[in-house]
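Labels run A, B, C and D following the written order; every chain starts at residue 1.
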Amino acid sequence: MISKTVAHLEEAVAGIEDGATVLVGGFGLAGHPIALIDALLQQGASDLTIVSNNAGNGDTGLAALLKAGRVRKVICSFPRQVDSWVFDGLYRAGEIELEIVPQGNLAERIRAAGSGIGAFYTPTGVGTLIAEGKETRTIQGRDYILEYPLGADYALVSAWKADRWGNLVYRKTGRNFGPIMAAAARTTIVQVDEVVDLGTLDPETVVTPGIFVDRVVAIGERAWLQDGAFVGSESAS
Amino acid sequence: MISKTVAHLEEAVAGIEDGATVLVGGFGLAGHPIALIDALLQQGASDLTIVSNNAGNGDTGLAALLKAGRVRKVICSFPRQVDSWVFDGLYRAGEIELEIVPQGNLAERIRAAGSGIGAFYTPTGVGTLIAEGKETRTIQGRDYILEYPLGADYALVSAWKADRWGNLVYRKTGRNFGPIMAAAARTTIVQVDEVVDLGTLDPETVVTPGIFVDRVVAIGERAWLQDGAFVGSESAS
Amino acid sequence: MTGALDRRALAARIAHDITEGSIVNLGIGAPTLIADQLPAGLEIILHTENGMLGMGPAPEPGRIDPDLINAGKQPVTELVGASYFHHADSFGMMRGGHLDICVLGAFQVSEHGDLANWHTGAPDAIPAVGGAMDLAIGAKNVWVMTDLLTRDGQSKLVAECTYPLTGTRCVSRVYTDRAVFDIVPGGFAVTEMFGSTTLDELRSLTGLELA
Amino acid sequence: MTGALDRRALAARIAHDITEGSIVNLGIGAPTLIADQLPAGLEIILHTENGMLGMGPAPEPGRIDPDLINAGKQPVTELVGASYFHHADSFGMMRGGHLDICVLGAFQVSEHGDLANWHTGAPDAIPAVGGAMDLAIGAKNVWVMTDLLTRDGQSKLVAECTYPLTGTRCVSRVYTDRAVFDIVPGGFAVTEMFGSTTLDELRSLTGLELA
């Protein structure tokens, strides 16, 4: 019997090595795998390269990992936010490396890694600082730059529900980078509210097929839901 | 009020010009937009270039369009089948052009057209006849060939249900090329069993967002369903 | 600044130019004000690049859904007819030219339509581009919403941008508090002036030949 | 051909090497026979490139669903745990190296692992490649299921393919009716022989140095 379910967060993040590259899902805190990152913080891996849209919000999740000094480099589109004080401090102190990738190129590079594309020509960033040092080409009268896949050793993804084959569904804009990151890592680790019985997820509506998922851990229902129904929250985080 | 619904098949295919390039969905007959093709046959456009996985099955759908002499060229992955006698005859008589594209490159070229990618490096076809005349490159020790987007003037797609914004859901392996073709044409025309009220389709499970759809026509429920439930069929077509 | 439009009025002015059925991305910052000014009763579909079409207004108090945010990471709602998709698909929509309009803020816009809105170029600034470069090259119509002048009186409309670019030759129209400018082969063309603003005044403020 | 396996027995032999949890694509033609030989009680997930994981066997009479077919366009069923996706995603799975095993038919396999299975090269043949090239380069393990000899007695195992290639250096193992061959740096290595087959006999039939 296939079962990708693991019982504890500790087991979910076991084996992540010092120096690993880790894709971290989420756009802001929506879809951000906070429980997995907390577990990674406990686990102790350091010298990490993190690929994520942002570089941490507030003091939780990725921000906490950065604060603990575990991250050597961040590859992201948008580190500077109203609540990115942890990253800002490290960056200004010269204690962390930063590679900025426009958000669409970031998403497409991750998709390319998951789908075996060797490189692709994108119009995004042409004529900007982002294009410096990159190969450019004019195709059918339009200018493009060449971008390469961005895969990783691990992906940490937050979804809504899973089954034991690792099929996943997400919730609203929490989907964001989850599906493409799940496909782009050697080992994909997913936190979900609940692992449901095989056959519960409608095959037509599975967003991430289990082929892309290695480990699933259930962490209990998110605070703004009750038995799967939305009950609301007072704040966004 | 936005409404992409048109009342008749005739209206759905209006304006398709002689010489147009048309993406035609379906893998075999699953997801093949037979009603739209029949309407196109009535409409009369000729000298068409058709992009589709196959080159017609039996005597219906694309095969009927070919038989009527409306198609100048077919771009596909797999023309030769047990029931592709119409294409076979035309090809052997030198009356139709053929461009063979491996199925995954075909899908990815269509996706590239819809998503603004200028070109991409694919490992599929390296070292084969398919690679002849194409640019090749070694990236991280692996060989690739460069492939270009394959968009079109029109896409003819068969989905299951739509709403008036053009949001679509498909049914089982009938999904196949529909979502990527819908995104890759200037004008996307869709046949569905039924146009449902806006809000009926769950936003989490819409497969093709309406942004990609221009015209929708309802043709009634497929023969093997009854009120949306599967009742079965004696044969595959 | 006699007759200059305030931000809400400018947002309403832009909203006036958005026709029914348009698919629109309102970026982050000031352009998001446009959402509340869209004509009631018209169906205009808002795209947010973090994976949604059919975005609705901010939720009622206590009804915030942390899984449902916009590109500015503010809580939003879902309209009837909405759909969700992942980031590669969302940016494919932009890059593939499927959005009708996006409205962005700007540090500078050049008379060629070059846009600078992501980086001041200051050596101690932390760069952050987000989806701006993708929006700039992606939408069929890229509009800018901005004050004509910076806080210290410099024109944001320039002959050539001095800040790092977001995209080249991508902006087609600039809505400012003083006037609306179309970008045409010769440079900026004034199509509308607000309040008592005159063409001479705009020429003086921008230092540009304006048509 | 004493001791040669028939197709069903060969399919069973291949099925024996597929471990629980594997994600497998069985191509079209003879390899599809493997599906019925998979060990009962083990969960092995079948991929069909027209957009499905968790493919089940042929339906009961009268229960054919024309929307549910495999890559050979035959009616199939859906197992509990299945999922559907579009063609770009399906071929991304292959090309991205996510399939554990695919089993393909062959016209020829070279001792470098080159595969020819799509085109005889005959001038009047209608070429049709389908998904074969994508499968050949995509799966982690590409196995071939074939008779050792063509109908007119030519070896399908060759030093160099003479038919147009499907993929280069992609096949890792060849299951034939007479023996199983692994492709190793020096060429074909016989790992198992069926019935009374001997290594000398295989060398004679193929004309190859076999390890």
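Operating definition for what follows: a residue touches a chain if its C-beta (ideal position, glycine included) is under 8 Å from a C-beta of that chain, and two chains touch if they have at least 3 such contacts.
Predicted model, so just to flag it, every value in this text is computed and none were measured.
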Report summary line: Two candidates, A-D and A-C; the one with more touching C-beta pairs is A-C
Query raised in the report: At what distance in angstrom does the C-alpha mean of chain C lie from that of chain B?
Result: 35
Report summary line: Rounded to the nearest Å, the gap between Cα centres of chain A and chain C is 28
Query raised in the report: At what distance in angstrom does the C-alpha mean of chain D lie from that of chain C?
Result: 54
Query raised in the report: So which bits of chain C are touching at least two other chains?
Result: 52, 78, 84-85, 88, 91-92, 94-95, 138
Query raised in the report: If you look at chain B, which of its residues touch at least two other chains?
Result: 108, 111, 115-117, 122-123, 170-172, 203-204
Query raised in the report: Got a list of which chains touch which?
Result: A-B, A-C, A-D, B-C, B-D
Report summary line: chain B residues touching chain C in their complex are 1-2, 111, 113-117, 163, 165, 167, 183, 198-199, 201, 203-204, 206, 209-212
**Report entry** Complex interface listing, chain C residues touching chain B
**Finding:** 20-21, 23, 43, 45, 47, 52-54, 78, 80-85, 88-89, 91-99, 138
Report summary line: Interface with chain A, chain B side, in the complex: residues 108, 112, 115-123, 137, 139-140, 142, 144, 148, 169-172, 202-205
Query - Contact footprint of chain B on chain D as seen in their complex - result: 48-52, 59, 61-69, 73-75, 78, 84-88, 90-92, 94-95, 114, 119, 124, 126-134, 137-138, 164-168
Requested in this report: Could you please specify the touching residues of chain B with respect to chain D in the complex?
Outcome: 27-31, 53, 57, 77-81, 87-88, 91-92, 98, 100, 102-105, 107-108, 110-111, 122-130, 170-180, 207, 222, 224, 230, 232-237
